[in-house]
Structure formats: C-alpha cells, structure tokens
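Here chain A shows up in two complexes: once beside chain B, once beside chain C.
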Partner chain A sequence: MNLGNAKDKVKALVLPLALLLAFEAWARASDLQSDSLAPPSAIITALAGAFADLSILAATRDTLFSAFTGLALGSMIGLAFGIAFGISDVLNRLMEVTIEAIRPIPSIALLPIALIALGFGYRMEILIVAFACVWPVLILSRAAVRGIEPRLIEVSRALRLPGAQRVWKIIIPAALPRIFVAFRLSAGIALIVAVTVEIAINPLGLGAGIMLAQQALRPDLMLAYLVWIGIIGYALNILLVVAQHRLFGRAALSGDSP
Partner chain B sequence: MVVTAIRQEVTVSALPPQIAFADVTLDLGGRTIIENLSLGVRPGEFLCIVGASGCGKTTALRLAAGLYQPTSGKVNFDGQPMTHPRREIAIVFQDYGKALLPWRNAAGNVSLALEAAGMPAARRPARIEELLRTVGLPGHAGKYPTEMSGGMQQRLQIARCLAQEPKTLLMDEPFGALDAMTRQGLQDEVLALVAASGASVIFVTHDLDEAIYLGDRVVGLLPHPGRIGIELTVNLPRPRDQLSTRETPEFLRLRRQLFDFIKATES
Partner chain C sequence: MNLSAILWRVASFAVAAGFIALWQLTANLKLVSPVFLPGPDRAWAALIRGFSSGDLWSKLAGTLEHMAYGWLAASIAGIAIGAIIGSSLKMRTYVAPSLEFLRPLPVSAMIPVAIAMLGLTQAMALFVIAFGAIWPIMLATIHGFAAVEPRLYEVARSLQMSPIAVISKIALPSASPDILAGMRLSLTVALILSVVCEILAGLDGLGHWVLLSARAFRSADLFAGVILLAVIGYLTSVAMSLAEHRLLALQAAQR
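Showing the complex of A and B:
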C-alpha cells in the first residue's frame, strides 16, 4: 500500500519534471531573451541568491507576520460572531442582512480606505487580511454550532450548565473539528490576500519582492519569488492538514464532529 | 398485615405529587402533541408510561424535564411551576451515544454534572469514582464512550444523572437499543439504585413487560393527540425477580390488559 503510494507519487512527478527539462532545453537552444520568462536553472540560481543575501527571508517574515496576525484577528472575530449567531436565532436574523451585504465586498476593495486610514505598512495589510479571514470562519463556525447534536444541548440544559460553561465545555469542543476546517480555509486566504496587498501597493514582503524584480527586469528573480510563495502555501496547507489529523483524527476530514 | 399494607398505600397516596401535570396541552409546529394530560408522580414512586409510537411519551418526559413548556396547563415540581430544567430532575436519554461527550472519558462525562453543580475540583475525583462503582463501571474511568459497549455507555449516562443527586429520574426508553440480557440486568440495577436513592421515576418504554416489571403504576397513552387511555396500579411485591415476578398471575393479568389496550389503540 505504502509502496504503491510512493510509486504513484514518483509517477506524478515525472510529467512536471519532463516539462521543466524540456523548457530548460528549449530556453537554451533558442537563447531565450524575455522580460517574463526565465529557464528553470536561472530561477533556481536567483532563488539561491535571494536566500544568500537574506532578502527573501526578510520578505517572507514580513508577509507571514501580516498574514498570520490578520488570520488570528479575523478568525477570532469570525469565531466569536459565528458562535453567537449559531446559538442565537434572534441575533442571527437581526444580523443576516448586514452580514450578507458586507461579505461580498472583495477585501482588496478596502485597500484605498485602509490606506487613507492607516497608511503603508503592516497595520493596513493586517486589517485587510483580517477582513478576508472573518467570513469563512464566521459562516462555517455558525453552521458547525447549528449542526451540534441537539441531545448535547439538551444535556447541558438539563444539567443547568451556566451559559459560559455551555459554550466552553459543550459548544466549542463539539464544533471544533469543523471550526478547524474553516481555519485551514482562512489560512490559505490570508496568504493570498497578504501577497495581493503587497503586489498592489504595500512596499513589504514577498508581493513587493515580485514587483521589485519585475520592475528591475529580472524575470528569473520574479519567478523565483513565485516558486517560493507556492512552496510556502503548500507547506502551510500540509502543516495544517497534519495538525488536523493529529488533533481530531479521521472524523475531522469529513467535517463531522467525532 | 393486610391492614398495614393498605394504610401504607393510603399514606403514599396522600403525599402531594412531586411532579404534577395539570391539564397540560402542548402544540408543536401547529399540531397538538399532548392534550389535557393530568398526571402526578409521588415521591419515591416508579411510574411507567407506555403507548404506541407517536403518542407523545417522549414529549411528556421532556415536559417533565422542563425542556418543553406547555402551551396551556401547568407542570409543577414540588408545588412550583417548572419554568426551566432543574438539577433535581435528571433525564436519561435513549440515544446514549449522542448524549455523552465523545471528547471526554467516562470520568470526564460524570464530572460534567458535578461541574455544573459547582462542586470544587478537589472533591470531584472521589465522587466520580464512587458513582462509577455504583453503576458497575469501576476501572473504566479513563475509557472514552466510543471505546465502550452500548450497555456501558448507558450505565455511564445513568452515573452522570445520579451525579445530579436527582429527586426525580426521567428515563426515555433507556434500554430500547440494548440486547435482552443486558436490558434485564440493567432493569434490576435501576430498581436497586432507585430504591437506594428514594428518587421517583418516570420511565418511558414501548416494552409492556418492562413497564409492568419495573413500575408501581403504568399509564398507557392514546395517540394523536397524546392523552391518558389506561392507568394500572401494579401490586407486585418488591424486590422483583426476572423469573418469578414475570410468572405471577397478577403480572400476566396486567400484561393481558395492557396488550389489549395497545392493540385497541392501534386498530
């Protein structure tokens, strides 16, 4: 079984590697001169160079700091509202129109306002990331709380569990596996939005690094940043999937509470 | 002997009911589930409710628990209106698998009731161990509900209910999903536990034999909407025995009467 999996993985790598090699060969044969393309060997060299002068590490730190701070902030806000709306039908109905009106606003559309209010820098980027992260967590944790086994709610009522304990001891643990799925979703969004803000306007992090490389007519460095962002996103997802497995076992992957 | 027996009966009847339904009607979703139900359970009494499915047995139990409020009429506990669930009333649900917290082990599940009652953390472990021993689960404190058999899970739920030190125990077809041997064992254990604690019991079941075997009184409900159709007093001696009690002429007479009633409601 494991051997088969390993074989499959190797097989899955064959085609992309072959394409890269073909591209490399073509780029060398045709003596490629381009502002947007660079042969894989040049990209790897540029990536190594960016690591050597630490510029890409500083950029990574800036991007991840903004992304994670925004993710934490947005998730907490989304979780608090999601739980409150999941518990209280009245509150949910009162807020539904407001939520549905604000939610479709693309987070990046807040950029001009955030820029005026907060200027360039981390705070503006964090705010926009947080805005984007609120919604998946809010919507999914609301659904998770509503989907809690009604018997558990009856048990907590029959035991006369005080409100705060009911949330802390019944509702959050019961909804946690599905809330974590929402968090995973938001983590991906956080990275995308952070880089987007940096590309659009904020002179920080990996997105700004791409823009700088582009303006310096260095397609190899630009693509090196792109590859690196892909690696970070991939690693982040793997990390969270492993954490999810560890914390909640098989039940979590189907989105059900165990 | 006969005279004293009757006198005892009189004194028990003279006690004010612990849980009293007075002309209770409940509408849910535009349908009348229960209509003009009047019923009292005296302290220490074991009342069984039977009836065809859809007759509102479980709903009646939820009213007694304070989980539902009647549309009209009153449910009183110790003379006070039930406006919310109370800790003195514990409810054992049929679907033990859903009523236990899967992320807490046996000790943790019992602990929940003690935490709700505000017992200091230092005193909980001893009480938890005592309760688990009472229901026959000593040494299983660290097991999670998913690692337990159905019978063990139901024992665990009963332990959690006993942790509330209830004056009234409500049981909703607690043994309906268990096999016959486990069920008989648990029936006798519940009778012993109830006798020891002095709690009154409302026990909902669709198993007529079980109702007669356990109860001091059996109430049969008529369906659509739920209302009382028959009320039988069970004058079988206690402690009861799975074999000899079920063979007595009185048991068989009550059994026939109850079966005829259910048959009539279904036709």
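Showing the complex of A and C:
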C-alpha cells in the first residue's frame, strides 16, 4: 500500500470520517436508544470520563503489565530453544515430535488449567500469554540461526571461541534482525491473548473493563473501551515497526516475510 | 522418506515418549498435586470414558461445527470483499487503509459488542468467529489481487474479457497462494474464538467442557479436553496445508 504522499493519506481518511459522521447524524435523527450502539460523540464523552476518573488508565496498566511480562517470559524461552535447535540439528530432530505435539494447543485452551493451578489474577494471564509468545520466537529464531552465513560459524571455530561466546558474539548479532521480527509478531499476539483472557474469565484489565461496561448496559463506555483497545493495538504495532526500521534498517526487511 | 529420516523420526517419538513417562512419574510421585495434574494414564482414561459415553463426541462436534461455519462464512465473505477491494485502485486507496488500521485490534474485544447486539447465542458465536477469521483471508486476497502482474490485465483488456472472467481466470488463480495462506492462518483464529465463545456463552463444545471440568476440579476430564483441542488444531492445519500443496501443484501442472 502506498501511504507515501499526503494526498493518499487524506483519501484514506475520507471513508472512516464519512462513516462516523453518517452514524452520528443517524443516531441523532432517530434519537437512538440502544444497549449495543452509541453515537461517536457519546463514545468520546465516555472515553474522556474514563480518563478523568483514571479507571481506563489503571485497566491499561494491568493489561500491558500482564502482556509485557508474558511476552518477556515467552520470548526468552522461545529464544533459548530456538537458538539451541538452530545450532544443534540433532537436538532439533529429537525434539521435533514433542514440539509438534505441544504447539497446536490453542493458547486459550490452557486457560482452565491455569485457572485451577494459579487462580484468578496476573499469574495465570502471564502464563497463557507466555505460552502463546513462545512459538513465533522459537520458530523464527531457529530459522534465523540456521540462515546465518556458514563462514561466520567457521570463523568462530577458527578463533576457538567457547560455546557461550560463540552464541553471544556471533550467532545472536547475526540473527538479531529476524529475531526482532519474531518479537514484533509476538508482541501483537501478547496483547491479543491478554485481552482475550480478560474477556473470557480474568477480572482485571481492559478486557474485564469492556465486559463490565457491556453488563452495565453502557454501550458508550463499552465502545469507548473498544476504541481505546484498538488505539493501543495500533500504537504498539507502529512503535515496533518504527523501532525495527530504526534499529536494523534494511537488514530487517530481508526477514519481514516469513 | 529414506532410512535415516525414518530413524530420526523414531528417535524423536522416543524422546516424546520419554517426556510422557516423565509426566507419569511426576504424577505418580505426586510432585504436583493430582488436583492440578493428572497423569497421562488418567487423562487417557478420561478421554476413552468421554468418547464411550458419547459426551465428548457431542462437544467435539459442537466445537467443529462453530469453527467450520464461522471459517467458511469468513472465507466466502473475505475472498469476495477482498476481490472487490483488491481489483480496484480506487477502493484500494480509499478503503484498504481503514482495514489496515482495524487489523491490530484484538478481535476478542468485539465479543462484548457482539453479546450486546445478539445476546449469548449461537449467532453471536458465529458472528465473532467469522469476524475474527475474515481478516487474514480478506487482507491476503487484497494483497494477492493487488500483486497480479499488470501485463496480465492488459492482455485481458485486449482480449475484451468481462470483469468476472478477469477475476475468475486471471486474478483468483494468481492470488490463490496468498489466499490459501490467509485461510490457513484464520483456521487457528477460528478455533481459538470458538473456544472463547463457548466459555463465555456456555455453548455446547469443548470450551464449555474444559471450563466445567476446571470448575469441578475434574482435572483428568480437563486434560482430555485440552488434548482433543490440540488434536483439532493439529489435524486442521495439516489438512489445510495438504490441500494447499495439492491445489498449488495442480495449478503449476496446468501452466
């Protein structure tokens, strides 16, 4: 998609603005009374209200804390296994069946197990987020380590670098651009899983906030939460894409279509 | 498969069996409370018991049904809308950016909205599953249609093909690798959303089964349900990639 020039950016805004205006006009004209819809002006008022009493900020903090802690945990586990499997073909082949058996478990299916083992709260949510974040990092970092220029490995052998230093000085730097792509994917997944767990069962964060607003028959507040969750998802995505380009520039693009 | 590949596979199964044995040992020694962690023997027994009493069959059928209907609806709508947007430059500049903006939205955040509109019903579940599963398919279709070699369109114009013929004979075949990849991604989304909707709305299915088992601390039944969900995830993704290879090979042969 070409968002390069300003004219296209303006054109991109036409449709959403027109829809919002039409909806606002229709809601006012028909004097909308609904449990599921609210005009955009009411949504903005509700969002401002939720900011004023800080409730939405506290919920955002809870959700992001769970998502990022789970992301950190899952990425580290995925990275450790991914690098180990990438370096050692023997290990990779031996673990293949085990990994293939665990990976297709839908992360959300772990929810009841986490619930009886850890109860409600941050810990069960972090566990589920971590499980979901392991796989993209594991798969992509394994592929990244395998794709390292073999001569680099030869050099490290010739230099007689010990194993830990070989990983730290040669393998991780060489695979880092593609590992970051995996991390970016996982970050998106972390937010989605955290919100999903909160909506399904866990009484904290943005997901619980939107469920409460729905049960309180406050469509304006519910849709305000929805808009805010969308903004956070979008901002996180943009932030990571910008970080990727800043940090790795051209090198990152080579691994961008896994 | 040659001999060494088979031997590696056998070794790999042996390692997996080792892990299961370790799991059994952990359960037998009660290193983790049996309330949380049943041994593989108890999970297996629960699986057999569930299937022979017919309970698990109906739950399995429920989940598969939610997943299949939602996914099929998403595939049809996603390809159709994607084709419309992807084949016109105007639509691509005006509509596609809005879609890109919506994409990072966690789909599950739509669940409360769907509940408010449709209640805790099957219709709500189908709407949520289809809404979630449509994104990968629609965006892949738009991308695939936009990436069609422009000279093919020129050829079509000089042959005076109708727009429908252009889509079915040129654009769809050329975009099908993208579309199939999108459809494979949305299978996973459909499974996850089915489970979430079953948990929330108490609809007949494995999601409801695992939640009830957890509430009653019947951990063996719970693990049986989770194992079954993993099997669904695995088999559907294998079936989809087989279909993908078949179709693409067929297409390559036709060229």
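Note that the second predicted complex is superposed on the first by the 251 of 258 C-alpha atoms of A that agree within 3 Å, B and C clash if a C-alpha of one lies under 4 Å from a C-alpha of the other, contacts with A are read in each partner's own complex, and residues count from 1 in each chain.
Just so we're on the same page, a residue touches a chain if its C-beta (ideal position, glycine included) is under 8 Å from a C-beta of that chain, and two chains touch if they have at least 3 such contacts.
Predicted model only: the values in this text are computed from it and were never measured.
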item	value
Partner chain in contact with A:160 - chain B first, chain C second, else both or neither	first
Which superposed partner A:152 touches (first chain B, second chain C, both, neither)	first
Winner by number of chain A residues touched, once chain B and chain C are compared	C
First (chain B), second (chain C), both or neither touched by A:214	second
Touching partner for A:173 - first (chain B), second (chain C), both, neither	first
Chain A positions touched by chain B in one structure and by chain C in the second	none
Chain C partner contacts - residues on chain A that touch it in the complex	1-3, 8, 11-12, 14-16, 35-37, 93-98, 100-102, 104-113, 115-117, 188, 191-192, 195-196, 199-201, 206-207, 210-211, 213-214, 219, 222-223, 225-226, 229-230, 233-234, 236-237
Residues on chain C engaged by chain A in the complex (per definition of touch)	8-9, 11-13, 15-16, 19, 35-36, 92-98, 100-102, 104-113, 115-117, 188, 191-192, 195-196, 199-200, 206-207, 210-211, 213-214, 217, 219, 222-223, 225-226, 229-231, 233-234, 237
In the complex, chain A residues that touch chain B	149, 151-152, 154-162, 165, 169-170, 173-174, 257-258
Chain A partner contacts - residues on chain B that touch it in the complex	65, 67, 84-87, 89-91, 93, 95, 98-99, 101-103, 112-113, 115-117, 146, 164
